[in-house]
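Both complexes shown next keep chain A, but they swap its partner, so chain B is in the first and chain C is in the second.
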Partner chain A sequence: MNPSIKLCCRAFAALALAVVLGICAGHQWASPADIWQAITERDTLRGRLLWEWRMPRVLAAACVGALLGLSGAVFQGVFRNPLAEPYLLGASGGAALGATIALLVPLGLPQSWLLPVLAFAGAWGSTLLVLGVARVAGALDASGMLLAGVAMAAMLGAIRSFLMLALSDETVSLQVVMSWVLGGIQTPTWSGLGWLALVTLACLLATQTLARGLDLLGLGDATAQSFGLDVARFVPRAVLLGSLVVAAAVAYGGLVAFVGLAAPHIARWWVGPRHRWVLPASALAGAVVVTIADAMARSVLPPAEVPLGLITAVAGGPFFIVLLARRLRAHGGRA
Partner chain B sequence: MSDAALLGAAHLSVARQGRALLDDISLDLPQRGAVALIGPNGAGKSTLMQVLAGQLAPDGGAVTLQGRPLKALDVRARAQHLGYMPQRFEPHWDVTLLDLVQMRLADPAQAAQVLALADLQALALRRWSTLSGGERARGMLAAVLATDPPVLLADEPGAALDVQHRLALVQALARRGRERLVVVVMHDLDLAFECFDRVVVMHAGRVAMDGAPAQLLHAPQLDAVFGVHFERIVVAPHTLLRARSLSLKEKP
Partner chain C sequence: MRPRMRGAGGFDRRALLCAGAALGLGALAPVRAASEPIHLRDALGRDVVLPAPAQRIVTIFSSNTELVAALGLMDRIVGVEEYTRFPPEVAGLPKVGGRLGFSVDAVVAQRPDLVIVTPARQAANQLVDPMERIGVPVMVLLSRGLDEVMANVCQVALAAGVGARGAALVQLLQRRLAVVDARVAGRSAPRALMITGRMGNGMLLVARPGTYTNEAMLRAGARHAIPGIGALAQVSPEAALAADPDVLLFAGAQAGLDELTRRPGWRDMRAVRAQRAITVARAEFLIPGPRTFDGIETLARWILRAGQKGWG
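Moving on to the complex of A and B:
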């Protein structure tokens, strides 16, 4: 069999396994036979619980993971930095601030579309700001960009906390906003899940148009330009699309750290550095990682649920430190 | 500018923080020929290459390609006409040589053929980090030339190579000069005078000398530009330059 087909089969098998595991896991464990029963006949309470709650939740987790993985691959490609990540660069923080404003500030507009729009505006604005700050400071290298991102994330977090303290009341409880900040998949209806799947698919297809540009950008500005890429036009376009993907991920899953960092690494290890394959592979890796993390979030402390963001941070933090240490060693003390 | 010029520069100037990097440079470069660009550090060689390649917009003057202003061409058209080998090339991701050539081409299916022509098939699937300096230089040259651009601009392509690989690379560039236009920034003066048809000497952002190697080699102005006294050692049929002593800074 063609090696790339074999690879695809394995990747999808991994995702299918993670999804089945995700549906089985929870406050009450279900067996694969229970899942089959829930799909075929939904008249028992257990069947309905699985069908109406657990399955859409697990599939939503897979979609959010795919969006996070995709956004990470776009950001690492644009910033040409294996340590870049929407969460660390402040993009997720910007999206979360936008979402908080939509939830807490009475703007008199329907929340269902205000939330994703403001999340996108926040992600886009903060990424452009980080790029601008790094450019003004003349620090377009990895460490400069990360520091600018960390500063941005801290400021955005502070503004968000202030809004939460000042504006939350009985109608919009802190709990709703907190569940965003700590990251957590909302259980959608099946039609809601359909929309999420559609958004994920659209993001996958849209980011494919960036693949060649991201490949060329990885050769350095001078070579990218001489190989025919209009760098000055491409970077803002890629940042815009990347921010859209981040906004979609945050709108459905809140602030989930480090998936955007880890997934592209897994993808490059799988399929090599060409973005035509890295982008979908990173989406797949993200889907697997978040599906498993969400299953853990639901089953570690039953009947309570651990926020998803805590699990990915606990697992992803050490991953980041290992990457950083390897990079520092390879670059003689510079990130 | 003569009609025969393929690449032309007219009154180029570039200034940074009040310092002129390029000061009223005009050059006509013909359809074919191997041109070496030499000069001391800070003479403006790399800046001129960047302007000629369309990487840097000049503050004054203009570059023309086949009589048309370079800035009127979009990036893709420029990439078709101009091959540019930068001073340093280090990809951010560990691509294979085949990847690199594919990225240069509009039709990636031709990449294998390009590598076969350059006798690099054996290295096609090797990752960049596993290639030696010489292999990288040959690979990068093959990628830049994959579209057979009428103009090749190379900025010190052999700087990091050992003597054997540098000679092989410079000879390959000079050979291409028989068919196409090749402009190379060189630090090795002997190779520049030996292998190239025309030598352009830059000093302080201006063209100090421009002509056939035999004309320039014995000119006292060359010593003044580099700030040394050269001893000319004749090893027939070539003349080699050896810096004997520092001379006092004098303007050529």
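Moving on to the complex of A and C:
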């Protein structure tokens, strides 16, 4: 069998395994027989729990992970920095502010759609602002955008802190915002999951249009330019698309730490540096990581649910360090 | 001035039902054949339909557990959250969540036919939508004032098929309030500040207008020392000192009050100098339920006794 097809099969098998594990995991573990029963007959409470709640959540976790992996690969490619992550340009600050408004300010609208909409708007809006500020300041290069992002994140963080302090009391607790900020999958309905899957697929296809540009950018601005890439136009376009992808992830998963940083590295170890393959592989790696982390979040401390972002950071950090160390040993000190 | 009863989302109808039942006006109480489903509207304006009176109830938060227990339905509670301590029988009940949130799995594992939640912490966010999808009736209760606390008693009683019991309990609570009202009527009301919590940055959480805690304090015969406090729950210690209340109420342990009143400035506060800085039970003033009425009676007695020599 062709090695890349073999690799692809293995990756999809890992995702399928993670999804099955995710559906089994919970306060009460379900056996594969329970899952089959829930799919075929849904007239029991437990069957409805698995079908209406756990399955869409697990699949949504996979989509959120894929989006995070995808956006991480775009950002690391654009900034040519292995430490770049999807929240680099203030998306996390904007999303958290949007979520804080949705959760604490009584706007009289249903929170079930206000929360994802404002989180999405905050995440993407803050990146638009950063790009706008960088453009006005005449610093639309990587360092200019990064500095504008830092300033924007500080401002948005301060506004969010003020809202949390001013509007929190015994009833509307800070815990609601804290819990959102630390990440957690918002379980969609089956139709909502369909939309999320479509968005994920669309993002996957849209980011493929960036693959060649990201490869060229990795050779340096001058070389990329000499190969016909309009760097000045390509970078903001890639950033906007990457931010759109992370905003979609944030709307359904809150601020899940670490995945957007780690998934592209895992992908590069799998498939090499070409973005045509790195992008889908990173999406797949993100999907596997978030699905497993969400399963752990729901099952390690029953009946409580540990925020997903804590699991991804605590469990994913050492995993990432081990992989990195192995990689360094294998390549004589070069990651 | 006595606080006025407020109407809020879904409340008027419940209050009407409750009042009707409490006064023994059968025409206003819901008439339901044994096999008919129970239709209610909760605090979020959601229609809650129970096919039959609830027999297996999961109560999220102490306030909702206490409401069910006060109706003598402790044996119907099948799950509570980790920080529910009262009544003592809850100790052995399965826990469905705590500080880290609430587990849909754990709730469903109890096979409940009703889940009662309050939109505090993540409860409503984490439970209402999943329960609706799974098909378990979930009722959201709010307690912004004493009227809502009493309406909640009726709401829970109707859901459990013991409407008359709920009406009787509300009638009793109303009579107790009327006795307190009669006792404090015409007396000079002290300017009181109730501290309900302290923040790490030194700011104070205080009872503020629009909350049942504040209403309970006013009902006991006090008036707010910072009436224009607005919607913000936090005040700076400076604002509390500037208000110089006649009475300082601290919802917490005596050690916490002692530590606060030993601080510079607090020793000179009128309430502290006159030894009118006291603790009140958190269970009575920070958990909206029948015990809040115990707290009102206790505080009213103390205010009447302390005010015998005037508030100067």
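The definition used in the following text is that the second predicted complex is superposed on the first by the 242 of 335 C-alpha atoms of A that agree within 3 Å, B and C clash if a C-alpha of one lies under 4 Å from a C-alpha of the other, contacts with A are read in each partner's own complex, and residues count from 1 in each chain.
Throughout what follows, a contact is a pair of C-beta atoms (placed from the backbone, for glycine too) under 8 Å apart; a residue touches a chain by one contact, two chains touch by 3 or more.
The shown structure was predicted, so the numbers you read here are calculated from the model rather than taken from an experiment.
Asks: Which partner does A:T187 contact after superposing on A: first (chain B), second (chain C), both, neither?
Replies: Once the two structures are laid over each other on A, A:T187 reaches chain C alone.
Asks: Does chain B (first) or chain C (second) touch A:R212, or do both, or does neither?
Replies: first
Asks: In this superposition, which partner touches a larger number of chain A residues, chain B or chain C?
Replies: Of chain B and chain C, C contacts more residues of chain A.
Asks: Please indicate which partner A:S161 is in contact with in the superposed arrangement: first for chain B, second for chain C, both, or neither.
Replies: Neither: A:S161 stays clear of chain B and chain C.
Asks: Touch test for A:H27: chain B only (first), chain C only (second), both, or neither?
Replies: A:H27 sits against chain C, while chain B stays out of touch.
Asks: Is A:P303 touching anything from chain B or chain C once the two structures are fitted on A? First, second, both or neither.
Replies: In the superposed model, A:P303 contacts chain C only, not chain B.
Asks: Please work out whether A:R80 is in contact with chain B alone, chain C alone, both, or neither, and reply first, second, both or neither.
Replies: first
Asks: Shared contact residues on chain A, chain B side and chain C side combined as an intersection?
Replies: Common interface on chain A, chain B vs chain C: nothing in common.
Asks: What residues on chain C touch chain A, complex-wise?
Replies: 82, 95-106, 108-109, 111, 118-122, 125-126, 129-130, 133-136, 196-197, 203, 205, 232-234, 286
Asks: Residue numbers of chain A touching chain B in their complex, please.
Replies: Touch residues, chain A against chain B: 80-81, 212, 215-216, 218-220, 222-223, 225-230, 268, 272-274.
Asks: Which residues, counting only chain A, touch chain C once they are in their complex?
Replies: 26-28, 45-46, 48-49, 52-54, 103, 111-112, 165-166, 168-173, 175-176, 179, 187, 189, 298, 301-307
Asks: What part of chain B is in contact with chain A in the complex they form?
Replies: 50, 53-55, 74-76, 78-80, 82-84, 86, 89-96, 99-100, 103-104, 144
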